Each structure stands twice: as structure tokens, then as C-alpha cells.
Amino acid sequence: MDKTSIYYNNKQKLKNPVLIVGLPGIGTVGSLVGEHLRNTLKAKRLATLYSPHFLHQAIMMKNGGLRLASNRFYSCINEKTGQSIVILVGDMQAGTPEGQYEINERIVRFFKSLGGSTVYTVGGYNISTQYVNKPRVFGVATDKETRENLKKEGVIIGQAAGAVWGSAGLIVAFSKEHGMHGACLMGETGMLEIDANAAKAVLEKLKSMLKLDIDLSSIDKIKAETENLLKEMEKAGGAPGDQQPPPPSQPLPYIR
Amino acid sequence: MDKTSIYYNNKQKLKNPVLIVGLPGIGTVGSLVGEHLRNTLKAKRLATLYSPHFLHQAIMMKNGGLRLASNRFYSCINEKTGQSIVILVGDMQAGTPEGQYEINERIVRFFKSLGGSTVYTVGGYNISTQYVNKPRVFGVATDKETRENLKKEGVIIGQAAGAVWGSAGLIVAFSKEHGMHGACLMGETGMLEIDANAAKAVLEKLKSMLKLDIDLSSIDKIKAETENLLKEMEKAGGAPGDQQPPPPSQPLPYIR
Amino acid sequence: MDKTSIYYNNKQKLKNPVLIVGLPGIGTVGSLVGEHLRNTLKAKRLATLYSPHFLHQAIMMKNGGLRLASNRFYSCINEKTGQSIVILVGDMQAGTPEGQYEINERIVRFFKSLGGSTVYTVGGYNISTQYVNKPRVFGVATDKETRENLKKEGVIIGQAAGAVWGSAGLIVAFSKEHGMHGACLMGETGMLEIDANAAKAVLEKLKSMLKLDIDLSSIDKIKAETENLLKEMEKAGGAPGDQQPPPPSQPLPYIR
Amino acid sequence: MDKTSIYYNNKQKLKNPVLIVGLPGIGTVGSLVGEHLRNTLKAKRLATLYSPHFLHQAIMMKNGGLRLASNRFYSCINEKTGQSIVILVGDMQAGTPEGQYEINERIVRFFKSLGGSTVYTVGGYNISTQYVNKPRVFGVATDKETRENLKKEGVIIGQAAGAVWGSAGLIVAFSKEHGMHGACLMGETGMLEIDANAAKAVLEKLKSMLKLDIDLSSIDKIKAETENLLKEMEKAGGAPGDQQPPPPSQPLPYIR
């Protein structure tokens, strides 16, 4: 395996597919969103991406299995709109610039070959040193029309500055190069390793924009658990923002 | 040498070969197991793997010689079963993801070309901060049948979580991709740089599973020496787990 | 995108073009010079360079857009001399030796294909721990004739020692290999992150050498602001050189 | 420049050439030896090696010039024996394993193409925390005959252990793979950045072995200066070995 490769698990005809990218990153926001959508939309595995640019780790599975690290495409039909939803989740992102460029352009080319024309990536936007109770959603997008649509949903445009690292940024930037529409939705977060509240804020935007029939109660559970932990820490004398609450005690239903 | 290459030292016909991979890693468990098997089974050099992804070091030999770093395949016949045993040992593993992917897939393809269908890799599983007196052996495997066989031997399946780094993990994961059976056997270890006790625990499993005619007394010697050092350190006031005992004073009979 | 690539935005015929390279680096001197020239000379985008060796970041734009990182060629005609001026600016430089070699030789080959024969790169030369009030300009060049011309302009030749990192150095060195004349002009600077004074010193040399019709008042504004900040810090008790003044409070008119 | 490349400066017929490699490394021993031989033997430039695996620096020259980093082959005739001597010196070594493998195998192939069959690399062997007054010379070699010859010269064989980093090790190891004789001569050194005494010890061995007509007085000057500095530091109260003496106050006659 010299190069990043994508294999079909289950080739299927898609209808005007939209891609939602939820990979590991700041506040685990991307993974939480991606895995939540995959679970609640009961999406089926479409294809698997392997890459020699992932960390040299094999992933242990709960049943005692072992597998290569991967990014995984799932798909389903949005019954309300008839549109195909493609969701990309995964174990990790590449650790080098060269690997990131290769993988992310490969993802964009693959999705274009499926007939896709619109891409949403999800990430966290870390601008606070405290837990964010009412996280805003910031957005950047390839074109004016997409930006206007995001604004109507209450996504904040034109206030974020700097750079978007990794797949969340490069997939959108490559979408532009390949003639597609793309946007990155970033949930405001504050130093938490796993921020379900930021993820929920992004999910609400996606739900509204794409008319998704999803239930947010499982993400609410993780959110509630995190908030309880933070309250207990404050009672115990820790100033909020001073300490990192541990990840939720139960394994996340989403991860892996 | 642009790419990882394998050269035959001595081409020979193998019978239903099984591969045992014992490379440097956590607790030196892999190397201890690999070198012990190579020595006690009097295996002959079959082939040598060189790679530009190894560290840029040449290895000094006891006789004043100098050679490229390598991984080395040895083979022998198990007289009890008639099966060929192939043992892989070496000086080092690659230091980058790309190098690890290249080398480990190369190893799997080479072994498949020898007619092999089963692979065992060996590593340490570091979950203790103290010396482990009765190390358990944890396992992950490519398929249910292999996992059931390991369970019968007392290998613990489905309790390890996370990722297996390097050759121990990737060779098994690639074996699956290439249609072979594979398992990684991990000896429980606790912060020791060279843990002969963990190695012995894995050797006992391999001995039973593969009906190997091997004597464990030389590994017992290293084990005893380490344990004596630990006792002396405790007497001298060091709490167990606080200090790293030095590697055994005599050069290991196994390494290089 | 496996390799560094350059795309034309607007192919045009150039007349005896000279290249001025102003990329990010020590004291931001290169970027300040490049962006100032691009703005005041009203240069038009000629071509864009993308590379998988840039950091894996997408760049957020003020309007809420997102784009790949790039280096960008602009061109204009020097009305006084009739000569084409090509200016190279960009978001970043490659982070690895291999990436730097690839990108910088690619730049030199591209400029040669435009009919160019002379290249000036700009950088900072950091040899002071204090703000430099009257920065000198140091130079290195591919050939004796170019060095003599620089001396006439008051550029100091033969006193700098060591190595020039990145594009500022490699583009000149590759220009020599490809039969072109090249020089690197380094403005003396002292630990400032953004040193408009050093940039101004280099701009004055370029203005004189290339008979450029440019106004230095906008760079004077940044220079004045920085100097005021430094004075306030001194009044407040900070010894000069002890503290880094913050970058100017207003966004730089030049950057991005 | 995707790959390491060697260009002839001056193609010439060589007679039974021997290669001496003196590149930057521990104690600067290799460079001191290489540059001393090049100067005193008045060797002429034969060829130049460039590589994208060197650091992304261009080298400033005393005359105000700028050039790519390189390794440089020089050659001369040993009047006493009629044998061609090829000397390899340079600005730096590659910083990655892949770069080191590429460059060092390239060097070996090039030298073999010149009709060469014997290679000596030079390095420092750092086993002391104090200045070494009477440095020993340790050796490793590709074959028994070469080792026996080194022993006759008083080179210590079979006592060094571990690995030889970089060109000093890999060029010898690749020489073996390509059917040539090779040895690495390591001057004992103790934490000095520039150890002319260790270099002198190696030069004496090479002088004797290859019947070189060389004068060691210029290396004696650097040695004397370093030793004076060390004495002054001891008088001033610094225990020997506690402090690093600065490099000699005059620029080394050898470097660049």
C-alpha cells in the first residue's frame, strides 16, 4: 500500500448525494457528529479508505479482532427529501502535510465520482478557556450562495480568522478546486476533549439544513454527563476552566 | 535502495509454514521470544529484509564487522508436526508510518509467497507499573476460529482495547487483508525494558499451540537475574515500580 | 496533488521580467516587502503555486471563504523602464527539506520559462537583540557582477556568514544552477516578529535598483506604530529588547 | 531535484582509487580529517553531490556568493604509490533515514563506477566526558582481511559496540553490499565540538596505511589552541569536562 486507497464495501446508486465529514479533531466534535448521524440514520457501509499516512497502529476491536486503521464512508437515503446522505467517519487523520493532502484530495475525488456536488465538514472552534454553555456555530464556505444559506440557519460567517487544520479545512478547499460546493461548520468549544454540547449545536444546524430526521437524545446524554462532572469539579473547589473533566465514564456509544 | 527489499539467503521448500514475528518493542518481549525460538530451534537464515525506513545506523558486530540494519527470516522444521516454522527477528522497526506500512505489508506478501497462511506476532502489553509475577497473555486475531483456538490455550481475548503499534499490529492486520489467519500475542508487562517473564508467558503459549520442542531454561536465566535485581533494589529501599532495574549484567544471549 | 503545481490565472507576455520574492520568514520582512510592492504597484495575479508540502491548513478569508494555502505570482510593468516586475508572495513555506527543494526549484524553473533572468529574494537578517533603528541591508548573490551592482547601492556584501534558510536562500542558489542572476537582500532586524523598518530598508534598495515608482508611506505607518509601542514599553519600565511588542493593533494592510 | 544527484566538475582517469570520507559528525572529526587531507594533498574537485534531503539552507560564501549545500569529491595522486586518492567532504549530512540511505548508497555506487574497491570513513567515537589526551582509534570493517590490516596499524577492532550513525556507518555497510572493502576509523573523543586531537589520531593511521605524504602541523595548531583554552578554563576553576571550550578563535582553515 504505497498510496491512499478506497475500496467499495457495497457499491450502490446514490441520488444527488451530500457528504458530511465527521473525523477526529478539536473537541472530538467531528467524530461525535459523524458517528451520531451514522447511528441514528442507520447508514450502511459504502466504502473504506486505507492509507500508509495514518499512524502505524492496528485497531483492536471489542470482539478481539484487529484491523487496519481506516476512514469509512456510510450512506443512507433521507426519506423526507429523497437525497442520499454520505457520512465519513474514521479512526484518525494523517499526521503529515503530504499525507493530509493525498487523503483529502482522494476523498473529494471519490465523492465527486459518486455524483456528489455538496460537502459539509464538521469541526470544533476553540476560542474559550471555559465550558461553552450556548455554543455558536461558525462557518466558512467555498462560495457566496452557500455562505448565504448558512447565514439563514444562524451560522456565523466572516468572523473566524486564521486557518482550518486537517480534513475539515482541506476537504472544503479541495471541493472548491474540483468544482463542488463545500462548507466547514465549526462548533464553539472550550478546551474539552470531548464536547458533546458543541457537537449538538452543529447537529441542529445540519438537521435543519438537510431536513434530517434525527433524534438528539443520545448526544444529550453525553452532554448531560459532562455537565454534571463539571459541576462536581466546581463544588470540589476547582475553578471552571482550570481542570479538564475526564471523558464520560461509559464508553461513548459513537466511537468505533 | 529506494524501497524495502527482501533477499534470499538460502531458498528452501517450506511445508505449510507458520510465521512467528519477534521484533523489538514494548518490554523487548518480541525480540526475546523471536531470538529464543531461533536459537533453541536451530533455525537457519532464509532471507533478509533491508529498508531505507530503518534508522540511518550501521550495526557493529562483535567481530569488528559492520552491516546494514535488517529484519531476518529464519526457518526450521517442527519434527513433531512436520510443519515449517519461519521466525522473523531484527535490529529495529521503521520510525515513520509510511515506512511501517511498506515494511509490514512487504513481510506479509513475502510470507504469503512462501505458501504461508498463519501468522503470530509477539509483543508486550504494558498495563502495570510494577513487575508482573504471573503475566497473562492477551490476544487479538483476524478471525473467530483463531480467537477460539487462542481461548482454549488460556489466551485472553476481547479485553484489550486501543491500538497495537508497529509490526506486531500491522502484520496481523495486513494478514487479514491478504486472506491469511493472524494473531498478536501480548505478554503482560510492567515498565521493564527487558521483561523475560512476559516473554516466557508467550513462549509457553506458542510451545503448546504449535507443539514446539523447546527448552525454556535460557529464558529462565534472564528472568531469574532480573528478579534478583528487583529484590535487591527493594531491600535497598526502592519501592517496587519506582525504579527501573538495569538490563541483565551479562549480554543477552539472544540479541544480535 | 502529489507534486507542487503552478497554474496560470492570467497568462501574459512579459518583457525581460525580474522576480522579487517576498515570502514569510524572519521578521516578516519578506512578506512585508512583497505585499507592499504588490499593492503599490497594483500588480495583477499571474499564477498560483499549490503544494502538498505546505502545512495541512486551509486559509480562512475575510468574506467567510476558504482556500488552499498557496504562493502567488503577480506581475506589472515598470512604466519607467518598460520592464516586467513579477512579485511572489504567499501564506507559507514548506516545512521539510524535500518540500523546500521541490517548491523552490519549481519556482525557478517557472520563472525561467517566463523568460526571466534576474531574481531578488528578500529576508530578515537577525543579528541584534534590540530594535534596529537604522537597519543595514546585507546581500549575497550568484555572481560578481550582481555583487558589484549591489555594493553600489550600499548593500553590504561578504560580511554575512552561515546559511540562508528556505526560499530566500534556495531560490537564489537554484537560480545560479539554472543560469540566472540572483541575489538575496536581507534587512537587519532584531527579534521583532513584524519589522517594518527592516522591510523599508530593503524596499529603498529595490526602489533605487529597479527604478520602481513606489510610495513608502503605508510601510511608514506600520513602522511608526511599532516604534510608538516600543517607546511606551520603555516608559513602562521594560528595557528595550526585553519584550516583544505586540504586532500592530490594526490588521496589516499587506497580509493576505 | 527529486533525487540525490552527482555532477562531474572535472572528469579524470583514476588509478585504483581509495575513498576517504570526512563529513560533519561527532567532534567534527570527519570534517577535520577530510578537509586537512584535501588541503595538504592539494586535491582537485572531481564531482559534486546535491540532495533534496539536505537541510533547506543555502550556504553563504566569504566572497558574498551563495550556493546549494553539497558533498564534494576531490582527487589527487599519491606520488609515493601511484594510487588515486578520492576525498569526500561536505557541508552536511541528510536529516532523515530515507535521505541517508539514498545519499550513502549513491556515494558508494558512484565510487564503484570510478573503479574503486576500498573505502575509509572517518568519525568520532564519544566515550569520555573529558578531553582525551591520547585518543585511541577504533575500527570496524567489512571483512577479516581489512580488519587484520587495521590491527597491524594499532587500530582497535572488536571492542566498539552499538551502531555507527550516518555516512560513516552506512557508506561502509553499503560498500560491503556492493562487493567492496570498507572500514570506519573512529577517533576517541570526549564531548568537544571540534576535536583536532581525535582527528590527528585518525590522520596518523591513514598516513601510515596509505603512505600519504602529509604534514600534520596545521592540525597541530588547532589542537594546541584547544588545549590552551582547556588549561585556562581549568585555572579559572572549571573542572575539566564540566565546560565546553569554545571553538578555536580563528576560523578553521579547513571548514568550507
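For reference, chains read A, B, C and D in written order, and residue numbers begin at 1 within each chain.
The criterion applied here is as follows: a contact is a pair of C-beta atoms (placed from the backbone, for glycine too) under 8 Å apart; a residue touches a chain by one contact, two chains touch by 3 or more.
The shown structure was predicted, so the numbers you read here are calculated from the model rather than taken from an experiment.
Engineer: Specify, for the interface formed by the sequence copies subunit A and subunit B, whether it is same or different in terms of residue numbers shared by both sides, with half as the dividing line.
Structural biologist: different
Engineer: Given that subunit C is a copy of subunit D, what angle of rotation, in degrees and a multiple of 5, matches their CA positions?
Structural biologist: The rotation relating subunit C to subunit D comes to 90 degrees.
Engineer: Quick check: how many Å separate the C-alpha centres of subunit B and subunit D?
Structural biologist: 38
Engineer: Just the number, please: Cα centre separation of subunit A and subunit D in whole Å.
Structural biologist: The separation of the two C-alpha centroids amounts to 53 Å.
Engineer: Hey, what residues on subunit A touch two or more of the other chains?
Structural biologist: 96
Engineer: All pairs of touching chains, please: list them by chain label.
Structural biologist: Those chain pairs satisfying the definition are A-B, A-C, B-D, C-D.
Engineer: Note which residues of subunit B are touching subunit A in the complex, please.
Structural biologist: Per the stated touch rule, the residues are 94, 96-98, 100-102, 104-105, 139-144, 147, 157-158, 160-166, 169-170, 172-174, 176-177, 182, 184.
Engineer: Residue numbers of subunit B touching subunit D in their complex, please.
Structural biologist: These residues of subunit B touch subunit D: 1-2, 52-69, 95-96, 99.
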